[in-house]
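Encoded as structure tokens, the structure appears first; notes follow it.
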Amino acid sequence: MSIFKTISEKQARGKVKKIYEDIKKTRKIKKIPNFWKTIANDPDTLERTWNSLQQVMKKGSLDQLTKELIYVAVSMTNSCEYCIRSHGLAAKKKGMTDKMFKELIAVVAMANETNRLVESYQVEVDSFLK
Amino acid sequence: MSIFKTISEKQARGKVKKIYEDIKKTRKIKKIPNFWKTIANDPDTLERTWNSLQQVMKKGSLDQLTKELIYVAVSMTNSCEYCIRSHGLAAKKKGMTDKMFKELIAVVAMANETNRLVESYQVEVDSFLK
Amino acid sequence: MSIFKTISEKQARGKVKKIYEDIKKTRKIKKIPNFWKTIANDPDTLERTWNSLQQVMKKGSLDQLTKELIYVAVSMTNSCEYCIRSHGLAAKKKGMTDKMFKELIAVVAMANETNRLVESYQVEVDSFLK
Amino acid sequence: MSIFKTISEKQARGKVKKIYEDIKKTRKIKKIPNFWKTIANDPDTLERTWNSLQQVMKKGSLDQLTKELIYVAVSMTNSCEYCIRSHGLAAKKKGMTDKMFKELIAVVAMANETNRLVESYQVEVDSFLK
Amino acid sequence: MSIFKTISEKQARGKVKKIYEDIKKTRKIKKIPNFWKTIANDPDTLERTWNSLQQVMKKGSLDQLTKELIYVAVSMTNSCEYCIRSHGLAAKKKGMTDKMFKELIAVVAMANETNRLVESYQVEVDSFLK
Amino acid sequence: MSIFKTISEKQARGKVKKIYEDIKKTRKIKKIPNFWKTIANDPDTLERTWNSLQQVMKKGSLDQLTKELIYVAVSMTNSCEYCIRSHGLAAKKKGMTDKMFKELIAVVAMANETNRLVESYQVEVDSFLK
């Protein structure tokens, strides 16, 4: 069970209600996921997070699929199950195939291995990298 | 200083020498970076890591640039300076612009924030995500 | 299921029994929580951890509520569900309101984001900070 | 060296210039710290981070000193040197004494130890904690 | 539920089938554990991981039990339940007693504490350690 | 520079002086390492840490070398340079050869990789592991 009860769409008032509607419209979904219904306990955090995500995840020099893949890679490194699943689904909606998902996992695992090789051996930064 | 001295190209023998040559040829570089020269202290690890990286990072359903971006994202989450710099450079060689790099950082930072929101609130996995 | 079975109050002998009684008296609780009943499998670790916690968490220049908030902040960053819940409860008993809990989470999440911004950009330490 | 050069106050234009002035006025400082001058390479991230921090770190149910202590606790758990130093200084300005700093460190270290005890023993969440 | 369905022994073909047989023979087990049946979704990763583990975990200057203890220590620090349990079992098969397991946990927890003391105080590396 | 100045042997008084002498005698060393001289700023933490380490790291079912190897493995996973170096030296004094050190690193890196494979694929715990 989450630490605070989720705020259902029926219970939503004011700022929370408005953001719920924005989420459903923008994401083209019919039900608000638990992430938003949980952080809605703190309306300022709900608003700030929703606005920040809109800005950070919008198409830029990187396309939206690539951004979702990066999001999943971070979530895997932090072992955040909810985040892997929700951004995994978001990535699928933007075109990630199963084959891409498996390649993503292989890269994430490999990077975690070589990160530790570097730190364990205390590899010195090459002068051409500074 | 690294834990073990680097193995210079002059000192390289047998398996190490062969892999050094393969690295220079494959990567089209003239000098072996410290990462390889350091893990060369353990020739089996050098060989296994080089072969694994070749396999994992080759073009697949994900292109090589996307794979490098994922690599950098993991390295940032693990705070591995060497890895950020070396795979950042690799990503640049494959087409990452400065603007893409900054967007990558923004996504990585944001993902780290929402990962903690999820874990702090103990958000329950929605049934549609299972 | 935990790796080792918990040691019930009935099973407790010697050092373990004495510490269980001390925990119940000091904490004014009637049942020993699973944390203590699990680490009781290693009586030395039980004793050392109980004594250390008593010393570290007692009122000092920081009051006990602030110390519990810090404890929860670390547990959130490490994604330790049990620790978030048990020290969250301890904080509540010492005066943490729901509003304080939500502010705590917002700070923890934000700090995790800027920590990664710093590491990703490799921000140099200002001379006035050294 | 940081990944991107810092943006000096002289180089600052538009949004960046305005935020630099806001930082100096709000924080009552004469020089912009490297954190802001580095992330200024991405003006949107600069603006979002500055606004978010203002909102999250303002006095609420938790006072500003407590929020800074929590910030430092997270930064210590993530081993972010810059963040420990900069938010350590911010905490000092808000009243943290050396004695409080040492108590903070003791709590952070202890929490990291018991977090691992819990995860290593796989302690089950007590029913009264759910 | 895992992200991809496990590949049962009946479904296994080609490379996967061959590795499943090798695992059963080498490990002297009758059923393939979920780890292998899950990563079998990516046959290259299955093959690479199996071969790498064979090489890394074989008796060398360190005996196999010591290697398993190290594996568990890393898994505890990363809070990976599956890994703690599976390598914990592997260690038991190689001679780890319950008493050794508890001592292992005590060392892991203590190391996590002093790691944070070092990073929080920013202890300088002694010249004799460089 | 560390956050607090180290407490030199000349400056040491009372509890700190006594522990410094105990450290030198027990460890058979002539100079107190920076770790102890830094945490001596908080005499209670110095005393608690010294006593705890004595208890946790003493020969038990696991010998002292194995315990040091585990300590280093945790420190590598947490990227704590000081801890890798100081416990690496302690392990050498207790018999760790260079070959053993390299094998230790290979196991640590590999475990970090498979930990992420497990978390990324969300591998389900086999019933025989529960």
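The chains carry the letters A, B, C, D, E and F, assigned in the order they are written, with residues numbered from 1 in each.
Assume contacts are C-beta pairs under 8 Å (C-beta built on N, C-alpha and C of every residue); 3 or more make two chains touch, one makes a residue touch a chain.
Quick caveat, the model's predicted, so the values are computed rather than measured.
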Touching both subunit C and subunit F (chains): A, B, D, E
Chains in simultaneous contact with subunit A and subunit E: B, C, D, F
Most widely separated chain from subunit C, with each centre as the mean of CA atoms: B
Per Cα centroids, the chain farthest from subunit D: E
Centroid spacing, where centroids are CA-atom means, of subunit B and subunit E in whole angstrom: 22
Separation of mean Cα positions, subunit C and subunit B [Å, integer]: 35
Whole-Å separation of chain centres (CA-atom averages), subunit A against subunit C: 28
Multi-partner residues of subunit B (each touching 2 or more other chains): 1, 3-4, 41, 44-45, 52, 56, 77-81, 84-85, 103, 105-106, 108-110, 112-115, 117, 119-122, 130
Subunit B to subunit F touching residues, read off their complex: 3-4, 41-42, 44-45, 78-80
Subunit E contact footprint on subunit F (complex, rising order): 1-4, 6, 31, 33-35, 38-39, 41, 45, 49, 52-53, 56-57, 60-62, 66-67, 69-71, 73-75, 77-78, 80-83, 85-87, 89, 97, 99-100, 103-104, 106-108, 110-115, 117-126, 128-130
List of subunit C residues in touch with subunit B within their complex: 76-77, 79, 81, 84-85, 105, 108-110, 112-117, 119-122
Sites on subunit F touched by subunit C in the complex: 1, 44, 48, 52, 55-56, 130
Partner subunit B, residues of subunit F touching it in the complex: 79, 84-85, 88, 98, 101-103, 105-106, 109
